[in-house]
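We call the chains A, B, C, D and E, going by the order they appear; numbering starts again at 1 in every chain.
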Amino acid sequence: DIKIGAIVSETGPASSLGDPEARTIRMMVEELNARGGIKGEKAKLVLYDDSGDPSKAKTFATRLVEDDDVVAMVGGTTTGTSLAILAVAEESKVPFISLAGAIEIIDPVKPYVFKTPHTDRMACLKIFGDMKSRGLTKIGLISGTDGFGASMRAQCLTVAKSSGIEIVADETYGPKDADMTPQLTNIRNKPGIQAILNSGFGQGPATITRNYAQLGITLPLYQSHGVASNAFIELSSAKNAEGVRLPGTALLVGELLDPKDPQKAVVLAYKASFEKVAGGAPVSTFGGYAHDAMRILTSAIAKAPSAKPAAIRDAIEATTGLVGTTGTYNYSKTDHLGLDLSAFRILEINNGGWKLVQ
Amino acid sequence: MRLSSKQSTLLVLAALIIVSPFFFPSNYYYRVGSLVFVNAIAVVGIVILTGYAGQISLGHAGFVGIGGYACALLPVHLGVPPALAVVLGAVLSGVIAYGVGRPILRLKGYYLAVASLGFGVLVAMVLANEGWLTGGPDGIKVPDPGLRTLLESLGIALTNPQFWYAFCGLVLFVGAWLALNLHDSPTGRALRALHGSEVAARTAGVDVAKAKLNAFVISAVYASVAGSLLALQNRLITPDVAGFMHSIELVTMAVLGGAGSVLGGIFGAALLTLLPQVLTVLQDYEHVVLGLVMMLVMIFLPAGLIPSARRLLRGRGE
Amino acid sequence: MLTVEGLRSRYGRIEVLHGVDLFVGSGEIVTVVGANGAGKTTLLRCLSGVQPVSGGAITFRGEAMTSVPAYRRVARGLAQSPEGRQIFTNLSVEENLRLGAFIFSDERVERDMADAFAMFPILREKRNQFAGGLSGGQQQMLAIARALMGRPACLLLDEPSMGLAPILVAQIFEVVKALKTLDVTVLLVEQNAFGALSVADRGYVMETGRVTMGGSADELIADPRVREAYLGM
Amino acid sequence: MSDLLQFLASGVTVGAVYALVALGFTIIYNASDVVNFAQGEFVMLGGMISVAGVAAGLPLPLAALIAIAVTAAIGVALNTFAIEPARGAPVVSLIIITIGASIFIRGVTQIVLDKGTHRLPSFSGDEPLHVFGATVLPQSLWVAAGAVAIFVALWLFFTRTLTGRAVLATSNNRLAAQLVGINTRFVMTLSFALSAAIGALAGVLITPILPTSFEVGISLALKGFAAAMLGGIGSPKGALTGGLLLGLMEALTAGYISSHYKDAVAFFVILAVLFAFPRGLYGSNPTERV
Amino acid sequence: MSLLQVEGLGISFGGVKAVNDVSFALDTGKIVSVIGPNGAGKTTLFNMISGVYLPKSGKVRLDGEDVTGMRPDLLAGRGMSRTFQNLQIFHEMSVLENVIVGFHMHERGPVLSDLLGLPGSRRRSRAAAEGARVLLERVGLERAAEREAGALSYGALKRLEIARALAARPRVLLLDEPAAGCNAVETEEIDRLICEVARTGVAILLVEHDMKLVMRLSDTIVVLDHGEKIAEGDPAVVSRDPKVIEAYLGAGTTEALHAHG
């Protein structure tokens, strides 16, 4: 057997990310084995739930490499847990593919650490690009105080100026808050404001969207890639979410993609099988990250001369042109992210569904 | 007789720390062991505050956070060696506990609980919000204290988890020893007395406000040291170590083990640290079983693991 | 009316009642005397059902009581004024009394309350004060009055005279005597053995969890052992 | 001006949510001195079970009723199987039992229902009402009305009914309560049933505003607990006031000072209030005589 | 100058004057009893003297020094010690430890020394424990020393409180109904104990409803009614005072008292 380790935050504050990740990973291992495994060997998955706690994540990482003898790890739903796991991965020389956004995971490059999601900075750049193209330059920022929101806020604040965007309001909210109208009222009152960007995931963005409608704000509203899932539309109700834009992956708009788009087949296949096992839960970007990580890992194991961690690592680093749900991965010695801005697409919510803007 | 109970506790503890590794098949077990010790250090502090003095704090994780971030920030910003940062963090926690404790310890019971909770929430919030200093919700890296390399140069080669197992075990042993000394000392008796009746303790000459403050400061130092050790061995610290849930967890460990008993607190910490590791085999049912175990322990051993077990044994003897 | 046979009870693993036998006839006043720690309070707690019984039987008005829960015993007519008063300190004096009549909801409650106030006028004065603020003796009066509010057929009194001024001690014993005329049976535990035996029909002596002596009040008062050990004469 | 009104509207909405949770703590506390840390789970169950009911095609009122009944039954079960067997245990041990129960309930919910986040439809639509330039969602009024109604009911219960007195008596002195003929076991059962039902009702009312998932209980319980303590634990008036105050402070801070520290300001105010009123705004203060 | 002087002490609760303008003095080695009907204000007076309540008016002087409203622990340091009518026991500590706490003023030391278990700290603890055993013997509880205090009967707890109060080696000892819950024989033991203590030069202030005990022990009796002092003097005089008989003793009791001598 080939043992693959996974550590995700199935429960805890990041469970809306970790849960689809866990489902995806389990599903893909099953599919893989149903197809006969890798090079004739069955894959065996050892998956732990760190409930969002980096210390637990570190313990589980130690357990995976020391006790379970896995050949590689995927996971690290949040930046915090990813950082905890990667320390173990580096020390014990077991490759690790992270599912978290922060750039510091792969910058500077660490030999055994890779990641699949875009960075927050890329999301900011993508959004700002779209804003500029619509002539929106004075914007208000509202962010969740959780790791995702705070980290994206920090990145957006850093790249705003160089993108020609002026941030005139900077508000925050707690991830479980019931009402954000005071913050939105203050943002709306800023003179000359042209658009609002929300960096956050979970239920907060849905509440923002509903409060937005309640207050009758008509400025364009941008959300982050953290809400890229149909659950968001459901929670905010389609009417309120109409016209909201966000940087998303091909995953949400599989049907709309040009048939020639290489991602189309991958995305549709993943969506179909996920929705079959997920009992009604819609696909989300995060499950997509896990999907891509597993694809990269399994194809690397298949290509590697032996199922030894070091060999697998080399094979991962050699991955090029691998088409995932998030984008097309081209890893190299100096790039352990392997994605560029083109992987992001600006989506708009339209009639309760998704529309490709470009 | 009392004395022997202290010695036997220390003996049991030392035996557990030293003998357990002989049964450890891999580094992972050292890692879990050291986490047990870290939690136990903080819990021994809670035992002093809650078990001895009867004061409930739901904000103690705040001090864990302070201790942890001291090890992350002081070396980077002030060039303090990480090992020394542990001490400075403890001093800082003590000072903050002194300042915070003076006003809030006038409150009683749940009101003290909510006030301390407020303190903990504030600490966690500052750690999460002041990203420029603390790295925000995703946490911050902690430098290596270099103690392991020091040992290595002395010819003692340990893996990272082994080193932290030994180090935290040692600190826990010292912490337990101090707490046991306190239990049967005049100060400790005064704490336990004011737990029973504040007026009576007062009329017996106990300066209740000061005694409570002492307990609060001491327990804050324990929490801080635990936080520092956690940060140093994880090489990373995040604001949720200071969060409400962690505070609750610490109190739960203390009560499960037996709030008034040092050994109980350590067992409580072990139980709640090990259980999630053991329960991973149950996958989805992990939380169900964890909750169930907590309830069952309290139903059948209402005074906590150790005191109730002791009572049962003693009863049989009579 | 009330029969206790071979009653055993324990705190944890330590047995403190080792087989107590006694009975109280209908309309009788029976007193139990004994040194500190003899088990008098434990006995009364067993009778009221708030202390687990590990052996023996309690029969009240011909009915086995041993497994009847505490709150039902009150409805059957067994009320207690407990040791240490045990009033509801956070509730007002009046609420304490009203709760004494918890099982009733007729207009007689008002009359009973008026009777209680007549017996202890200070309670009327303090009726709206929270009971925890009462003086020790006032709380004792409240505890007795509250027990009477339950219209007991058999009243268990645990040291009712404790903490009362001499003038009230005399009054309490008068009350006990008066209860007899109202057909209320009384089991009286008292340290004021002289006072108790003066109003009682019969008495028992308890020593370390056993009844060691029993007889008419006059016999006990005359008994030299009783005189020496409990009356201090 | 309209800004202020908007902030106040937000404060009342959020405050009413907190108040509803805080009110749920009162009965169990009054019966047993135990702060029930599973109260947030009752709220969560109210929401989650209703959501499941609606998803199964039941009309919302029926789903809500079922949710309340089921949650009340769970409350009773909690008392019967976990609290009652531990009778005589110290209060801290009982609190830990409720913490264990909350973990347990969360775990079971996640298995039996799901891990998703869900919303119930608003009772009276989503068309905001305009008041002097501020906007309020009709659901906010439902929540506020619910909080007031439960407050009135509780207040009447504790001051006007003998059963309410019996509840207070049970926590004040369980021994004495038994001696006056109160079935303390029943009082506890009733308290858990009522607290759970109130929690579930709160869950039904707030789920259209604050989406529910198996994990919402913790943060709700935390805020509800803080609100209850601010008002004075055990007092229905305190729970209502504490909840509203907490909500208003958060909204006004977010509006006028800084949204980054709105929770911090709220806790600062709680600390300040407790220094002036060590038992909260309306907490009873009967000192024991010595 | 007297050791303890109470001057015009007063306090009220919710407008009701619980104690009003009460004065008296207590000398070394003397026993002064405070008697009066239930609710007369005796316990409240104790609470003010011992610093548990802050008096609204009046002064308490100890050795001539004004100690009004001083914290109980500081008063304890100046030699004041008391028992409680509503028992205040450290339930979860052993009987012995309850008494050792009484020695707190004599055994306390630096926290650090206690934490480190330095020999000094251990020595102080040991000395206190030895003292405590002697006291337990004096109140007849030596056999219960290792038991949990919460498991004692009421009468035993009363005696435990006396032992704890004595542990402080007080100069002024306030006893609130020490004989409540004790039978005649046990009361006599307490009587003897109080006498002995007074003989060692401790000033004793006693509240007690057992008139035989009061009459036998007291050098002076202060009578309170409705918070006011209505009489003061030596036992023989006070017990015949018609005001006292009416408010407190009742006719029967007086006869009984004098009949027994």
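In this section, contacts are C-beta pairs under 8 Å (C-beta built on N, C-alpha and C of every residue); 3 or more make two chains touch, one makes a residue touch a chain.
Keep in mind it's a predicted model, so treat the numbers as computed, not measured.
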{"item": "Chain E and chain D - chains in contact with each", "value": "B, C"}
{"item": "Per Cα centroids, the chain farthest from chain B", "value": "C"}
{"item": "From chain D, the most remote chain by mean C-alpha position", "value": "E"}
{"item": "Interface with more contacting C-beta pairs, comparing B-D to C-D", "value": "B-D"}
{"item": "Averaged-CA centre spacing for the pair chain E and chain B, given as whole angstrom", "value": "42"}
{"item": "For chain C paired with chain E, centre-to-centre distance based on mean C-alpha positions, whole Å", "value": "28"}
{"item": "Interchain centroid distance [CA atoms averaged], chain A/chain C, Å", "value": "73"}
{"item": "Euclidean distance of C-alpha centroids - chain A vs chain D, Å", "value": "35"}
{"item": "Residues of chain E engaged with two or more neighbouring chains", "value": "43, 52, 84-86, 88"}
{"item": "Residues of chain A whose C-beta touches two or more other chains", "value": "11, 145, 172"}
{"item": "Interface hub residues of chain C, defined as touching at least two other chains", "value": "14, 133-136"}
{"item": "Contact set on chain E toward chain B in their complex", "value": "50-52, 71-73, 75-77, 80-82, 84, 88-93, 97-98, 100-102, 104-105, 107-109, 111, 114-117, 121-122, 124-125, 128, 146, 164-165, 167-168"}
{"item": "Chain E residues within the chain D interface of the complex", "value": "43, 47, 52, 84-86, 88"}
{"item": "Residue numbers on chain D that touch chain A, as the complex places them", "value": "3, 6-7, 9-10, 13-14, 17, 110, 114-119, 126, 128, 135, 137, 206, 209-211, 213, 215-216, 219-220, 251-252, 254-255, 259-260, 262-263"}
{"item": "In the complex, chain A residues that touch chain D", "value": "10-13, 15-16, 19, 145, 171-174, 176-179, 181-183, 185-186, 189, 202-203, 206-207, 210, 213-216, 231, 234-235, 237, 239-240, 279-281"}
{"item": "List of chain C residues in touch with chain D within their complex", "value": "48-50, 69-72, 74-75, 79-80, 82, 86-91, 95, 98-100, 102-103, 105, 130, 132-136, 146-147, 149-150"}
